[in-house]
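For clarity, chains are labelled A, B, C and D in written order, and residue numbers in each chain start from 1.
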């Protein structure tokens, strides 16, 4: 089958180095500490982050760093064929693991010992027409990682850098960026890459096909470019979101101390550590509710060499 | 008192109920020396047994059996199937033994009891008398006490699939005995005359079998479970006895007194031939009792 | 369930008193009166792979419903009816407690309640005696597909199953209605009911042409059209109103904090005519029969409002979707 | 066991073909028809209760309403099996299962997964949970034969079993359902009537306290009809509770209900 026409156009009309349309939005799940929806073409993923919070299962608690957990689920209606048994199958366990490992690499877990961070990724729609659910699940990996990055940033979890992900493949002797479902299931090489763009480090690399080394380098380079493009977009979304926050604070005339109090109040209910945005930096407070009195156990600025000033 | 340790002194000081809980074995043994058991039975006496047929109207045949407080409900449901090509003129019986959570404090919903599959397997072995190594309960084999050919409707086209399900409603020992006793009348009595089978060639309905038909059992198996403990043989143990003394022997005899099967799942006591022979003799006696109970139940049914 | 929800919310004693006191004085924590629902926001066509879908938001509660139609075989007992399956999933994104199998209990409870409220009976045979009236066909053209509007649901209690049959005893449409709770802040059942109603109004079922000549036991050949779609008239599909009893009073559209303080809740599904199409009671505490009847009459007045809001929201959402 | 799997698709139960013709009995607008068991519309089946059906349980009861036969065992209060959090009130754990031969078609009883949680809700309000902190009471029900109105019978039987086990309750819980067939309300419907019903109402109450613990309505109901249905159920529940009470006292456990 011809995946790239002689005019250099792909089946969905894109150029080989063109990505599908991407869209990200922050704060879609009100109850979560951080959440985001990320779309890549037809793939639509919601990620929600809870934490850092108390570890419910004490035996899993780690004294030197935070416990990061991830669960990936696909909605019944996310694929063309209706799925019967979506939960806990091998494929979703594998993707959960991939997402967890990728995100764990960038979260500064040592700053939040004895806590737990939950990342829940819910696929609302997987690209793939009338696809089998298994293959469709694979194609969602990049979108999941991007959504998780956004959600983690929204939750204010300190991270070394954003992690962004994008895939690239090699079909009809052409390296192709951001494979869609048809291209993915064509059986050619498929490289899924996750990078931390500022540090220029690769955190995830998956490829399941044979590819000559020199071509692989080309494809990989293409995927890196893709990841960087995604990173630029994600940064833009985050900046936009921060501007919105600033704007809201300005119009409502709330003093920073007031908003801090609000955060504390809601934190007290939940017995969790809370992170709040404060004058451009991040301040983390671990707040526990002991009786009706609030106690602050820990204050720390996530930005090194900048002391946080905080008064009540 | 013949007790192996100093607990004999305690017996005099302790309240009976507490002694039973703390030293169950000694408690039982103290009864055995008097040739009696805590529930008043003699060592070789079985509990009161009753059988009632036709307990469940939604099934094609059913029986409720009580041995002491052990209660079993067996019912059969007949469905039509296409017989497998390797045995076109035979039907099929699937036997399943269930222990729902109501029957015992140890069974919880969602986790099947350990004993259930064991009894299930024993039952299908006994009823179908199949000694091969087929891993499933579906046995297409005509060598058993049921002639599976009798379940055939139209050779190669249609045959009966009989689902025999036995539910334990109250588990108080001797599960296999009670289950077998409940299964036998159900298998033989099921009334299958009412069904009309579609005959495809004629495009219409054709009654293949009018009138009632019973499955003929070539022989009827009866069983008795005994506990071997030291020199004692205890017939028809209760759940408490089974949990304290672990060596069980189950003997199955058919109505003509032939040995059908013998089952001794481990246990600390080695069974000598003489003990086994005693068990067989007890079973022979028990089989006569059971036959009488069964006959009574069946005749009661026919009067109705 | 009550136990788990209250554990999840984790309110202090003072907060509990605040919520209960507010409800007693007819001013709730978010400023609403007892019988005022939160604003409702409907978006249709959110899942492009489904035949119909909608997303409903009420405050922080956010649910998605999708309708998928597949060709299936009617059951032997009801050869003249299609089948509708309602299934709800709680995504762990809504609350960490839904992780793994944690959401199953709530999912099952919601699925059953929705089946009771919308399908009218276990066998799905509820109110099928009313006839399906095929009214005038409003044909209009949108961008690419021709929509032919045929009111398929006429019965009061939800879904008219006989309209889903293609060939009696042979082929019918199986409707798989899937609900997904994305974010949960109380009153999930009402939100899911509204989302299903909106998703159904967004649903297009392909027109099926049956090849003539098939007879006997053969499965007739069918041709599923890509261009013509039948749509449901959902104006008669009931809405669900849950009245949550906190203290001596009951409130509509409770948040999860308010739900944690409930003694019992009654979910009533009401259609446009004001008839009860289903009712389930949750929560253990007993209720006086007269209070239940009182709740029913309150639910009727509330439902009128809700149906109107929902219908206008659905219409707006549909119009918005057609333009884009 | 292996006997269960796979067989259902290749075999069929012959009964459905015979049922189809009977729909004519319930002509929708026909007011005068006779119920298959000769009862009047507002007459319940004779109820039979017996406590102590299962010896090894803390409490148990057997109920028989016509062909509907149910056994409920109660275990506990006993240690909570799962590693659960501390609770200063007791826990109630319910499970409802069907025998494979309970239903006309084999294995249909598996469709009633929601019954377990519904039973929990129906009983929860009546049990004084504070009396057994940190422990669990298990209520397990097994439907031996399904003859219609299964769930109300399970609830009533379960409350009797709880009483037999000596669990503290505010009141006995009695449950009755009505089916709407055409213009008529039919109390305590049999299986056949249930399958042709246009709507159903199941009411569970504590008769002495006059409190409803569970109410489920399906199908379309107008307000007057709803009032009527609820009143019929409440009256029937009160009578049923008398029979249950008589059974507990050990006197005259079978009574004809009207």
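Definition applied: a residue touches a chain if its C-beta (ideal position, glycine included) is under 8 Å from a C-beta of that chain, and two chains touch if they have at least 3 such contacts.
Nothing here was measured: the structure is a model prediction, and the numbers come from that model.
Subunit B and subunit C have CA centres that are 50 Å apart.
One inter-chain figure worth recording: subunit A and subunit C are separated by 31 Å, centre to centre, where each centre is the mean of the chain's CA atoms. Distance between chain centres (mean CA atoms), subunit A to subunit D: 49 Å.
Chain centres here are Cα averages; for subunit C and subunit D they lie 27 Å apart. Counting only residues that touch two or more partner chains, subunit A has none.
Contact of a single residue of subunit B with at least two other chains is seen at no position.
Counting partner chains per residue, subunit D has no residue touching two or more of them. Taken as a graph of touching chains, this assembly is arranged as a line, each chain contacting the next along an open chain of partners. Here the chains touching each other pair up as A-C, B-D, C-D. The residues of subunit D lying in touch with subunit B in their complex are 1-4, 7, 10-14, 53-57, 60, 67, 69, 71-73, 75, 78, 81, 95, 97, 99-104, 106, 116, 138, 140-142, 144-147. In the complex of the two chains, the subunit C residues touching subunit D come out as 76-77, 105, 108-109, 112, 116, 119-123, 125-127, 129, 155-157, 264, 266, 271, 275-289, 292-293, 296-297.
Those residues of subunit C lying in contact with subunit A across their complex are 9-15, 46-50, 53, 59-60, 62, 64, 66, 68, 70, 87, 89, 91-96, 99-101, 176, 178, 180, 182-185.
Those residues of subunit D whose C-beta lies close enough to touch subunit C in the complex are 16, 19-20, 28, 111, 113-114, 117-118, 121, 124-126, 194-200, 205-206, 209-223, 226-227, 230, 234. Looking at the complex, you find that subunit A touches subunit C at residues 28-32, 35, 42, 46-48, 50, 71, 73, 75-80, 82, 86-88, 118, 120-122, 124-125, 129, 268-271, 289, 292.
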